[in-house]
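Consider the two complexes below, in which chain A is the common component and chain B and chain C are the respective partners.
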Partner chain A sequence: MSASVGKQPLYLKAAISGFVILWLIVAAFPFLWTVWGSFKVEADFFSRVGWWNAIVGTRTELQTGSPFTGDGYYGAWVTRDFWRAVVNTGIVTISVTAISLVLGTLGGYALARSGHKYAFWILIAALVFRAMPHITLVSGYLLPFFELNIWGHLATSIIVLVAINQPFTLWMLHSFFLSIPKDLDESAMVDGCTRFQAFRLVVIPVMWPGVITTGLFSFLLAYNDFAVTSMLLSQDNQTMVPKISSFLGSIQEQGNVMYAVAAVVSATVPLFILVLFFQRQIVSGLTAGAVKG
Partner chain B sequence: MAQIRLKNVCKRWGSFVGVDNFDLEIPDREFLVLLGPSGCGKTTTMRMIAGLETVTEGEIWLGDRMVNKLEPKDRDISMVFQSYGLYPNMTVYENIRFPLRVRRIPKEEHDKRVMRAAEMVELTDFLHRRPAALSGGQRQRVALARAIVREPNAFLMDEPLSNLDAKLRVSTRAQIKNLHHTLKTTTIYVTHDQIEAMTLADRVVVMNKGVVQQVGTPTEIYDTPANTFVAGFIGSPAMNLIAGTMKDGVFSGQNISVSGFNKSIAGEVTLGFRAEDANVATEGGEISAPIYSIELLGEATMISMRVAGELVSIKAAKDFRAEIGDTISASVPAGICHLFDSKTGARIEQD
Partner chain C sequence: MPHKTFFWFILPSVVAMILFIALPIASVVIQSVYVEHERVLVEVENCGPFGCSTEVRVDTEATEQLRSEQPLGRFNGLGTYLNRAHLAVEEVGTIVSTSASIGEALTRIYNLPFYKAFLFTLIYCFVVTPLGIMLGFTIALAVNTIPRLLKGPVIFFSLLPMIITPLIGSLILYWMFSSNGILGATLQTLFNDPTLTLRQSPALTWITLLVYGVWTAAPFSFVVFYAGLQTVPGDTLESAMIDGASRWERVRFVIIPHLAPLATFVGLVQLMDNFRVFEPIVGFSSEASATSLSWLVFNDLVGQDSQAFGSAAATSVITILGVVILLTPVLIRTWRDFNAKGA
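Up next, the complex of A and B:
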């Protein structure tokens, strides 16, 4: 067997490599194209003459004297205060992740260790709410939020995002907790822990891959959200995604679209770093949950 | 150290009865074994003592405290789990130290006590390892060390040997026996293995379907089983049980006729005797039947025969040789026989 694995026919090898390369190009192209184009002027990136302008940067060279320019970034970050959106996104995502994880680990643990039948129905209800489009929740919230005069604040959208995210974290963490044997908490309790100490000192240290994976998904949900943040945040409090959308959607002036392109790249880079940094935990977390949960 | 009292303890889940009216007093320093087949309620009983399961009815006393409503941590008992329940993120040292840490025992004492517990179970060479890097027997010993480090009122052990291989089971069994001798702590030990029960116990409680069948020393349980369940559960092979009729002091059934019983007993009864008490007779034995199978055990030869519809085992000398199908005779005098009521299964006293 091992010999035959080593000696695949050449055409098969070529086909496999070809497919992988093709897939890589398809998957990565939009992003690489955007990164490259973000250093050009609008006349090149959205050229009517030909797509190669975006690559060589003819107009960019004419307008700025060099084939690459940081004008898009300067415009977005400095002129149009994109940094404020970055700070807002940071506040929203970190808060949503932290709150979701605190409630999710406690709730998931309780549901996983509960012997009652209603635990199952709570999870089913959570699944139903998870399945609903986010916008349905938002439309219901709008009027009460106006009346209570809490529309437009970061805290408001944090609460709504946590509500949307919580069913998912409960499910995910519940299945992680199920994969941890009950004997572990019980032996901690006999050894002298309260239920909460057993949870904190014994169960959670074993749960890290699950907590990190779930935390990452919560982070991404809050980071990428458009429906909630665009409806519930005032202009000053906007997070990155609605801000980018407003660059694209406001009245066109020269270079404005390039702000959006530069902002998109700025918003994507942290995600890459994050996933690369946590990839080991994510993979072990996903498989642990999948096999045993 | 403390005595443990269970007063009419019951455990029910809805209409299902897990443990029915368990009533027992366990004196200080006793090694008590709860023995029974899977699902007989022995583990549930232990978990109720530990506080991991609520008590539906009755009272559990540890020393002079009624502990029904106490959390496990407040009962001052320690427990060894079947799956060991070691903390995978901690080293062996930290695992053993954990009970001291959460009970806020002064830090200066930790090292001394951990080292002493580790020495008792011969783990001093592995203290820096994680449980994942240990063999099954070593993990078992970590669980033991963690239980003894605290010097609790009582030890509870839930089938601690069932995940070990046969050889290790024997040596760990000896170690547990020795630990109990050294520490003299009241111990309750749950097992379905009757050999473990016989070798370890001061007293054995045999349970079936949530009901206590018999409480006694290993010898009592072995020599005078209280009913057919205990008789059939204890011993290897289990006691031979034969249905038949008693009339005028003579028990008779197909291929069997035993005389010399008390004449006051009459009617349908179950007769029991142990394989090692019976003997092969040259002729005129109480049983006369063809051999169904013959097994060489090394130290003896085990013969089975079909008597009154049951397979009956008889232990013969190790040099006994015969063919399957040969008709032989076996001596089963009334003196080695036990009698049980054929309906209730309860023992019938013969004097």
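Up next, the complex of A and C:
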């Protein structure tokens, strides 16, 4: 836009570049710093002397003989069984994403193709449900779940996360389905498909971009959740995020905060990769809801 | 689409939402009017060589039985809502009648746990949301002018603070701001004050929490505004330029009005999201200086000896009411859009 409308004077260009660089530092530096620091010992990453130690690793070299150490990672993954949490997170996030998408595409398709008033009211209800703070819902689950004896299992958390995810999934898929012309499924039905066959064989194949984008956000919600997984999972079934928070409770006193730092970095890596490969889908997903209104 | 087909398509999704969103809300409302059973007390007569004495003891067995028979507890009406840990009606009354000045009264009210959390939640909401939008807008304007080749990487790094797990993001900042971390130590040197730590300075805690909030909120606004900027009509901009509008005037009178509907959307979404601020309180371990409504619920639920379901439920209901109030403008807007589309 601005490129077509006039050139910028030099001082403006400099100011803009400066601002962008500043923002990049603010956005990215904390991550780089923590990744770098996770390979040091605590006396360096939380140095009483000065932050320069964290960069060169003075104490790390004294304690381990090399400026980099994997002790934090070893402690977290092996000593404290972080790998178990990683496996649990994998199970939870993949199940949540898959189930959410199955339910969401069915529902979103129905909402997009039904012109009746109740479809609108379901969408409104979903909007209200989406705004509910998760922790308040959790306080509604706990007592019934204890009574029914289903507290602590991975399956319970998966179903709960799928349900919490539904409002958002429905809205997003509904707006993606709206962008697919009605004629497509209607002509399939004229050719003899049932409604479900038309949905399954004709609409879904052209919906893949929308499904992938929505799937990314379902994945993120399940992956990033703390309220549900920390309250509804027993100790053995903990996923990464509650596991990290339990590190803080027990480990900070033992002076092994580096386990938590290593675990935090480990949990950030998948998100990095996700953004790296799906940046376009994430951006389009964020803007889909907004730009369309 | 016929009603019957619609019904079968939407059924699984609606059942999931009713079971795990609508029913829990109902369950929270019911739980909030009950409180935990008191322990069953029995009078026991101890007779020894020096006569008899009566003693009151806790009957553990009877207490356990009562608890398993009626897990909800005993009916308490609105008692939980009005007690000291929530709306504290009595305490507020006493404070108002005994305080010398309004300032003193407000300070004393602020020290009540519910009002403390409520005030932080509101301030977080109404500081972070506009600042995040403004920062996001500025970044969008700046990124829009840089060479095409650089845009991809810049957007990649900009997305990170938003995509990051909230608890992990707040821990990362917490470690940097802690007194031995890079930013915390730098601040101490800068202000030449070795006691300036997150633990000792509530003001610093508040500021870091707000900084964290803006840091995670800005990328969302940035992405939405950046997409919006691509749709600004070039003709309007050009004619504004021919009419002699300066760079700033073009932003003020062409771009901002064009993006205003987006800004309302972003603002409302973020207001709702910021109202449930929770993970940063845990990540920054800031409960001594700053708490939020969601954190109060969490704190009741993780109680070591007994989980205070009634208390958590009452806070939850109040929080839900808050969300609904914030949500009303969104609902009205959606309603209007829908009617406009129908007409």
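Here, the second predicted complex is superposed on the first by the 266 of 293 C-alpha atoms of A that agree within 3 Å, B and C clash if a C-alpha of one lies under 4 Å from a C-alpha of the other, contacts with A are read in each partner's own complex, and residues count from 1 in each chain.
Note that a residue touches a chain if its C-beta (ideal position, glycine included) is under 8 Å from a C-beta of that chain, and two chains touch if they have at least 3 such contacts.
Only a predicted model underlies this, so the values are computations on that prediction, with no experimental measurement involved.
Once the two complexes are laid over each other on the shared chain, residue contacts for A:211 go to neither chain B nor chain C. Judged by the touch definition given at the top, the superposed model places A:221 against neither chain B nor chain C. When the shared chain is aligned, no partner comes close enough to touch A:262: not chain B, not chain C. By the touch criterion stated above, A:158 is placed in contact with neither chain B nor chain C. When the two complexes are overlaid on their common chain A, residue A:27 makes contact with chain C while staying clear of chain B.
Legend: residue contacts after superposition of the two complexes on their common chain; A:85 is shown touching neither chain B nor chain C. In the superposition on chain A, A:189 makes contact with chain B only, while chain C stays out of contact range. Contact comparison for chain A: of chain B and chain C, C touches the greater number of residues. By the touch criterion defined above, A:232 lies against neither chain B nor chain C after alignment on the C-alpha atoms of chain A. In the complex of the two chains, the chain C residues touching chain A come out as 1, 3, 5-6, 9-10, 12-14, 16-17, 19-28, 31, 71-72, 138-139, 142-146, 152, 154-161, 163-168, 171-173, 175-176, 178, 180-182, 185-186, 215, 219-220, 223-224, 227-232, 234, 237-238, 241, 247, 250, 261-262, 265-266, 272, 275-276, 278-279, 282, 285, 293-294, 297-298, 300-302, 307, 309, 312-313, 315-317, 319-320, 323-324, 326-327, 330-331, 334-335, 337-338.
On the side of chain A, the complex with chain B involves touching residues 181, 183-184, 186-194, 197, 201-202, 205-206. Listed in rising order, the residues of chain A touching chain C in the complex are 1-6, 8, 12, 16-17, 19-20, 23-24, 26-28, 30-31, 33-34, 37, 45-48, 50-51, 54, 102-104, 106-107, 109-111, 113-116, 119-120, 122-129, 131-144, 146-147, 159-160, 162-164, 166-167, 170, 195, 199, 220, 223-224, 226-227, 231, 241, 244-245, 248, 257, 260-261, 264, 267-268, 271-272, 274-276, 279, 282-283, 286-287, 289-291, 293. Those residues of chain B that touch chain A in the shared complex are 50-52, 71-73, 77-79, 81-89, 98-99, 102-103, 146, 150, 156.
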